[in-house]
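The chains carry the letters A, B, C, D, E, F and G, assigned in the order they are written, with residues numbered from 1 in each.
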Amino acid sequence: MQAFRKFLPLFDRVLVERLTAETVTKGGIMLPEKSQGKVLQATVVAVGPGSVNQKGNVQPVSVKVGEKVLLPEYGGTKVNLDDKDYFLFRDGDILGKYVD
Amino acid sequence: MQAFRKFLPLFDRVLVERLTAETVTKGGIMLPEKSQGKVLQATVVAVGPGSVNQKGNVQPVSVKVGEKVLLPEYGGTKVNLDDKDYFLFRDGDILGKYVD
Amino acid sequence: MQAFRKFLPLFDRVLVERLTAETVTKGGIMLPEKSQGKVLQATVVAVGPGSVNQKGNVQPVSVKVGEKVLLPEYGGTKVNLDDKDYFLFRDGDILGKYVD
Amino acid sequence: MQAFRKFLPLFDRVLVERLTAETVTKGGIMLPEKSQGKVLQATVVAVGPGSVNQKGNVQPVSVKVGEKVLLPEYGGTKVNLDDKDYFLFRDGDILGKYVD
Amino acid sequence: MQAFRKFLPLFDRVLVERLTAETVTKGGIMLPEKSQGKVLQATVVAVGPGSVNQKGNVQPVSVKVGEKVLLPEYGGTKVNLDDKDYFLFRDGDILGKYVD
Amino acid sequence: MQAFRKFLPLFDRVLVERLTAETVTKGGIMLPEKSQGKVLQATVVAVGPGSVNQKGNVQPVSVKVGEKVLLPEYGGTKVNLDDKDYFLFRDGDILGKYVD
Amino acid sequence: MQAFRKFLPLFDRVLVERLTAETVTKGGIMLPEKSQGKVLQATVVAVGPGSVNQKGNVQPVSVKVGEKVLLPEYGGTKVNLDDKDYFLFRDGDILGKYVD
C-alpha cells in the first residue's frame, strides 16, 4: 500500500487496482488467458481532490479509497507504479460502486 | 433483488432490467429468436444520486426504483451483476415512464 | 387516449401523433403510397415536465396536449404504444404550432 | 395573410416569404429560370416568442412581422402552408434588415 | 452611402467595403488581375447592435462606421446591395483596426 | 515602430514580430535557409484590449508591448503591415514569456 | 536553474523536465535506446499563474515548482530553452503527483 500513499491523482482522477481475473472455474478447470473475461471490478486506491467548477469551487470525487467500483469497458489510463499496473479513471466515468 | 441493494450507480446513471421478450404469440405460436422484437421497456432497479450542475448542486434523477420506463433503441451500457444482465442509462436518455 | 394517460415523456420530450396522410386527391382519385407526401403535421398527445437548466430550474415545454404542431422533416424517435406508432420530439425541435 | 395568423413559430424561429425572382430584365428580355439569381431578400411573416437563455428568461427575436430581411445563401427550412412555400430561419441566422 | 443607411446588420455582424486592389505598381506598370494581392483592408460601413450574452445584455461591437479594419484572409459573407459587393463579418473575426 | 502605433488588434489578439533567424553559426559558418530553425521567439508589438467574458467584463491580455514571448510552433495569422510581416496570436495561445 | 527563472509559462501551463531514462538495468546491462521506456515522470520547473475562469478569477495551477509529477503518455509541447528540452503541459493534463 506504500505506493498509493506516495501518489496523489490530480483533479477528479481516481486511481484503481483491478481485481485479478479468475483463472480457474468453479469446477476447478484452469482457464486459458483468452477465456478470462475482462475484469471491470476494481478497488479505489487513491483519489484526487476533485475538479474545480466554473465558480472556482472544488467538487469532491464521489468515491473513497477502499471502495469497490465498476469500471467502464473502455477508457482509463494505465499507470505503472512500483512495477505494478494501476488505472486512472475520471470520477465521472466510473459506472457505480458496490455498497454493503 | 439482493444484487441491486449492493450496487449503487454514480451520478445520473440509472440501472434497469429489461422486460423479457415475448416468445409466444397471443395465438400460442412460439416465436423464433430473430422474430422477437427488441425489448425497450424496462424496470428501474437502482438510481444514482444525480448529476452535479455548474453551481455544485445535485440534480436528482427523474425516475424511481420500481418504475417502468421506455428505453431508447440504442445506447446504454450492459453490466453483469450476479450473472444477470442489466443496463445502465443516463437519466436524460430515458425516453419516458409509464404511470398508472 | 388511454395510452397517453399512461405514458409520460421525460424532460423536454413531446409525444405526438402524426396526422394521417391523404390517400385520396380532392378530385377523388386514390393516391398510391409513394405519391403521398410525408405528413409533418401532428397533434401533441403528451408532454414532459420540461428540461432542467443550469440553475436547477425546470423550463416547461412550449406546447400543450391537444395542440397541432409542425414537425421537422427529419428527426424524432418512433415509439410504439399499444400497437400504435407515435413520435417523440424534443420541444426545441418542433418548428411551430397552429393557433386559431 | 390568413395562413400566417394561424401559424406560430416556436422559440427564436422566424417565418419569411422570399421576394419573387425577377423574370424579366430591365430591358424587357425574359430570363430563363437558371439565369434568375437566388432571391435572398424576404419579408418576415411570423416570429417566434424568442429563445430561452440559461437564466430562464425569454430573449425576443430581433426582427418584426413586415420587415424586409436579407437571408443567408444557405440554410433555412422550407415549410408549406396553404400550398405556398415559406422558410423558417433562426433569428440569429438572418444577416440583416432593411430600414427606411 | 445611401445603401448603408438602409441596411442594418443584425447582432454582432459588421458590413465592410474592401479597399480597391492596386492595379498599377508604384513604378507605373499595370498589374494583371492574378498578380493583384487579395485586399484585406476594408472600411466599416454598417454595424449591428451587438450580440446578446447569456445574461441577456447586449455586447456592442468593437468597431465603428468609417473605421478602417484588417480582415482575415478567409471567411465573411458577400452581400450585394445596390449592385455593389460588400462583406459581412462577425465582429470577433475582424483582426484589428487602424487608428491615427 | 510607427506601424504598430497605427494598428490596434481587436479582442485578445496579440501582434508579434518574430526574432530573425540565425543565419550564421557560432563558429562563423553561414547556414542555408533550410537549416535555420523556425524562430519561436518574438517580441510583442501591439495588444488588443482583451476578450469579453460571459459577464460582459473585459479580460485584459496577459502580455505587454515589448515583452519577449515564446510562440507555439503552429498557428497564428501572418499580417503584412508597411511591407513587413508580423503575426497575430490569441493571447491564450502564447506559451510563455521571458522575464528578467 | 537559471533558464527557468527567466521563462514564465502563461495561464495554466506547467513547464516540466522529464527524468532521464534508465540506460542500464539493475543488473548492470546497458539498454539499447529502443528498449528504454518512455519516461513519464518529470519535475516541475515553472508554473503559470493559472487560468482565468468565466467569472474573471484566476484559478491557480495544482502543482508547485520542484514537485515530481506523472505525465500522460501523449501530449505536451516540447520547448527548447538554453539548448535543453523541456515540456509544457496544461495543469489539467498532468495525471498526478508524488508526495512524501
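In this section, contacts are C-beta pairs under 8 Å (C-beta built on N, C-alpha and C of every residue); 3 or more make two chains touch, one makes a residue touch a chain.
Chains and their UniProt names: A, B, C, D, E, F, G = 10 kDa heat shock protein, mitochondrial.
Keep in mind that this is a model prediction, so the values were computed, not measured.
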Interface numbering overlap (same over half, different under half) for subunit F and subunit G: different
Rounded Å distance between subunit A and subunit G, as computed from the means of their C-alpha atoms: 24
Whole-Å gap between the CA centroids of subunit B and subunit G: 44
Residues of subunit E whose C-beta touches two or more other chains: 54-55
Order in which chains appear around the ring, subunit F first, subunit G after it: F, G, A, B, C, D, E
In the complex, subunit A residues that touch subunit G: 6-11, 13, 15, 46, 48-49, 52, 54-56, 77, 79, 88
Subunit B - residues contacting subunit C, complex: 40, 53-55, 57, 59, 62-63, 70, 72-73, 91-92, 94-100
